[in-house]
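The structures come next, written out as structure tokens.
Below are two complexes that have chain A in common, paired first with chain B and then with chain C.
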Partner chain A sequence: MKPPIFITIMLTVISGTMIVMTTSHWLMVWIGFEMNLLAVIPILMKKYNPRATEAATKYFLTQATASMLLMMGIIINLLHSGQWTVSKDLNPMASIMMTIALAMKLGLAPFHFWVPEVTQGISMSSGLILLTWQKIAPLSILYQISPTINPSLLLTMAIMSVMVGGWGGLNQTQLRKIMAYSSIAHMGWMAAIMMYSPTMMILNLTIYIIMTLTTFMLFMHNSTTTTSSLSQTWNKTPLITSFILVLMMSLGGLPPLSGFIPKWMIIQGLTKNEMIMMPTLLAMTALLNLYFYMRLTYTTALTMFPSNNCMKMKWRFECTEKTTFLPPLIVMSTMLLPLAPMLSILD
Partner chain B sequence: MLKIIVPTAMLMPMTWLSKPNMIWINSTTYSLLISLISLSYLNQLGDNSLNLSLLFFSDSLSAPLLVLTTWLLPLMLMASQSHLSKETLSRKKLYITMLIILQLLLIMTFTATELIMFYILFEATLIPTLIIITRWGNQTERLNAGLYFLFYTLMGSLPLLVALLYIQNTTGTLNFLVIQYWAKPISATWSNIFLWLACMMAFMVKMPLYGLHLWLPKAHVEAPIAGSMVLAAVLLKLGGYGMMRITILLNPATNQMAYPFMMLSLWGMVMTSSICLRQTDLKSLIAYSSVSHMALVIVAVLIQTPWSYMGATALMIAHGLTSSMLFCLANSNYERVHSRTMILARGLQTILPLMAAWWLLASLANLALPPTINLIGELFVVVASFSWSNMTIVLMGTNIIITALYTLYMLTTTQRGKYTHHIKNINPSFTRENALMALHLLPLLLLSLNPKIVLG
Partner chain C sequence: MMTYIVFILSTIFVVSFVSFSSKPSPIYGGFGLIVAGGVGCGIVLNFGGSFLGLMVFLIYLGGMLVVFGYTTAMATEPYPEAWTSNKAVLGAFITGVLAELLTACYILKEDEVEVVFKFSGAGDWVIYDTGDSGFFSEEAMGIAALYSYGTWLVVVTGWSLLIGVLVIMEVTRGN
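After this line comes the complex of A and B, so read on.
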């Protein structure tokens, strides 16, 4: 699309999220969400085909419903407290409605059904924005209302999300759907710690965004969208094969890579609060996630020529997408663990 | 400890910057030098441990394992030279780098003070091993083998993370030196039973315990030679080392909790030894014999007497060297015949007599011939378990006999008898291979002169 239009739309998306994050009036929160939604629709439809139209429509419908639920929660809060300020003491009914609305926006189970289909229908770079930037605004509101959230609702959503993200991703070969299920699972981890330590949720979000950004950029650099086309990476850009290997292991949460930091901190936070079975359950279902990441690394990096590789060779096009900041992002996605003692400044 | 860690880390740039014909020479030489540095840690004072820094320490349990680890790296590099000779230069360097990273992580694991750091490095050793097995293994089953290896170990060790964090909350610290004195005795209530299970299952899978050993034959058989060597010699000992460290925190629940695992180990010992008698695949035979020897170590650690700990330590070191040597011998067969089936390469004594001498010595060490430290380890464990319960001696004795049986079966099948007609034109033994076997055997024989070093 033409540059001025693109800039306008991007600015609207960014300012929508910024409004949500910085405002203290509930109506402005809703306005920010709507701005964000309306401006992101053209971005989702960058490649104009029926699949993208369908994806954008699904996204619009679910997010609009969620915004309406959010508005209802805001009005209930107005009814019971008489003021529009974003604060910590919410009416429980309003809190439940807002949590459900924000869970729909984030793609937490059982409201996750739109995530794989929308992510699959759009282009890689739009998918990148969908899975990273769009999570910031809802999580910032959840951060602000976190003391009042109903714990059982939140924990149910967390466990269901991790399970859905794990089992759902097992049968996928399309990379965008795999990243969508990975996003659902990571949102589950974030929801789990939200009640006890919202700071850890922000930590998890930060590291998740860095890793997902890096993953999408590597996929865009390769212009691959399926697992089988990833297996040609050793031929096109051999350096990326080792990066994808390490990055997938980091996404799976294997020590000593950075992906382990959020999992460790979340398990530590949960055990400090006397919950033992839940972090065990979360950790075990994260192994399902690790399985399909491992499948990706197998096809990419671990079964290279001259061993069997049943894929026809592809044309080697030059990469046209801008992948700025890729080296520092890769370093941050994999080597942050020695800096983990710095997390003590958060206490 | 940094004087070992930093040189090992610097081996990596050295590999990447060496000239093509010098990579093997450089890495082998300098890793041998590093192993000589680590020998100084064997000089332990009294019954106190060498507290070297806040993060790293070494005591009489970890020092022999540290020396074993550093000694194995040059041996692994020597063993890998021939099967990597046809790869491109950067892949050779990548393989050596993987081995060096694994070595670095293992050194840090054996000398870690804090249990969470031990956990992180314990898990971290999985990644280079997985890459070595899956990328450089030889058959298509290696993909499955890598997955089994990774997921079995991770399933066991994720509850360990939760348990360690729980212990940190209740006891206040996980620093190993402090927690020896602060550990509260735990009885066998239900929640403590789960805590015990969570702590121990990771190491049971790693050892491996008989019911959870399914990953081991797959991983050992599919791995390339350096992968098999490091798996058998060191990674299994990680499980034993971890078990010995963590049982300090788990008394006296261990008295009740140990029963199922003792039974599994004792029975599994006999079972896996018996399976060895019917194996056709040479590496698979050695892999099952590893399970059998490690079951002895599990029994020793669960009994928790001073003699059994001494026996377990000696057995770990002895088995590390012996098993690694047997894998090297099997690999020398594999490189010539390109098959692991035992009966395809028979009667080697007439064709490769010096190699037959190494086969004989390795087999004698494996069946715990006096005065090797294999015997000392097994004897201590058998005696300690006899004092724990008289009936165990039946199973232990059966195991010793069956061990002798399958070891001699392996020896006579590969070495004695008439050779098959198709192996007349195999390469003679290279000096590198003879040096490899000698370097494995020499520490083993020297330790029989002074076993006090490894008795912990």
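After this line comes the complex of A and C, so read on.
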């Protein structure tokens, strides 16, 4: 894509999300979502093969349907309240429609079917934008309407998403599909806490974005898209191998790493609101996620897969791959746990 | 007949929506869109929005649908599917019309029905009171507002139209 066009399109993607996040008029929210969707389509189709076109088409169809549902919810709200202001007292019917529409945009179960297929069909960098930036806008609207969301609807979708994200990712070897199921599971965790403490949802989103950004950048550095090519990283860049180990453990939510902070806070928030079964189920199904992250770690850093002998005697050239911002991101994805007491300023 | 003109136009509106939702070939779907657009204009005109109705006729029908018709004619297939070509399209069309008829009968049978909002009989279709409009036409005031304190909306819509063109060019580039 020619640079001026690429800059214009990226500008529109960013400004679409900014409009959704900062506006107080429901029509502008819808316009922001549509601007974002329209401009992200050529980014998804950066590689000119039929698979990318199919992925972009699937993304467009599901997101357009979700925007239509959102518009229906907006108009029902207009009918019952007589004004267009984004406020927290929504008509219950409008709230249900908007929740379902935003769940479709995020990829929460049972509307998750597009996420693995779209993520697999596009290039790694497009997948990065899809799984991180595109989650910000719907979650900001859910944050704003969180007092009026129907609890049973959202909690059902949350628990189903974590289960689907866990079991769906078990049989995958393609890295993009693994990251897609990881995204579904994390969205489930975020939806679970939205009713009780939207601030923890923002915390989860921030840490999830940092970790997913780092994961994708490490994968792009090696140009790997499958587990088997990831298993040859030890020879190419041994440092990346150890980073992937620590990062996968952080994504799985293991304690001394920063991926543990959101899970801890969410379980604390849920138990303080007298829900016992829910955080138990969430924590148990998160173990499924941890299993396939561990499998990636095992193939990458803990064992040497069979390869031919020539591979071990590599002529090393200087690395020309740009690793913009990668060191701070890796530090932020793994070492933020000691800062967790700072969360007390939120009360 | 003039008292029921909105009702008649709404019926034709719904039937033409069903006609292109039953997925015939784009040529025939475009015909359904044209009828729907024209009749929709008529409904807007009946509520006093003369300027907006005329705009839809000129720009939407006379500009966008004409371009759509030409591009569909360029990309058409040798044996396009009409509504009577196969059982699938005809079945979808009949299902749609039947669903609309049953909804209309359900709404008309009861005295007062609440589907999303309260609706009490065929009278609500004939006279829809939108409140006291005063001396100014609401539609003209709305258009004036778009260019005075609605400037940001004009900027955003103009930018979106430009991006629409750029995106379409980028998507159909092909290399």
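The working rule: the second predicted complex is superposed on the first by the 328 of 347 C-alpha atoms of A that agree within 3 Å, B and C clash if a C-alpha of one lies under 4 Å from a C-alpha of the other, contacts with A are read in each partner's own complex, and residues count from 1 in each chain.
As a working rule, contacts are C-beta pairs under 8 Å (C-beta built on N, C-alpha and C of every residue); 3 or more make two chains touch, one makes a residue touch a chain.
On a predicted model such as this, the values are computed, not experimentally measured, just so you know.
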Fit or clash between chain C and chain B when superposed on chain A: fit
Touched partner set for A:Thr199, first chain B, second chain C, both or neither: neither
Degrees between the directions from chain A toward chain B and toward chain C, using C-alpha centres, nearest 10: 160
First (chain B), second (chain C), both or neither touched by A:Ala39: second
Partner chain(s) touched by A:Ile267 [first = chain B, second = chain C, both, neither]: first
Partner chain(s) touched by A:Thr323 [first = chain B, second = chain C, both, neither]: neither
Touched partner set for A:Ile19, first chain B, second chain C, both or neither: second
Smallest separation in angstrom, by C-alpha atoms, between chain B and chain C in the superposition: 42
Chain B/chain C common contact set on chain A: none
In the complex with chain A, residue positions of chain B that touch it: 105, 119-121, 123-124, 126-127, 131, 134-135, 140, 143, 146-147, 150-151, 154-155, 158-159, 161-162, 165-166, 169, 194, 198
Of all residues in chain C, those that touch chain A in their complex: 116-117, 153, 156-157, 159-160, 163-164, 166-167, 170-171, 173-175
Partner chain C, residues of chain A touching it in the complex: 1, 5, 8-9, 12, 15, 19, 28, 31, 34-35, 38-39, 41-42, 45, 48, 56, 76, 79-80, 93
Sites on chain A touched by chain B in the complex: 245, 249, 254-256, 260, 264, 267-268, 271-272, 276, 279-280, 283-284, 287, 290-291, 294, 298, 301-304, 308, 337
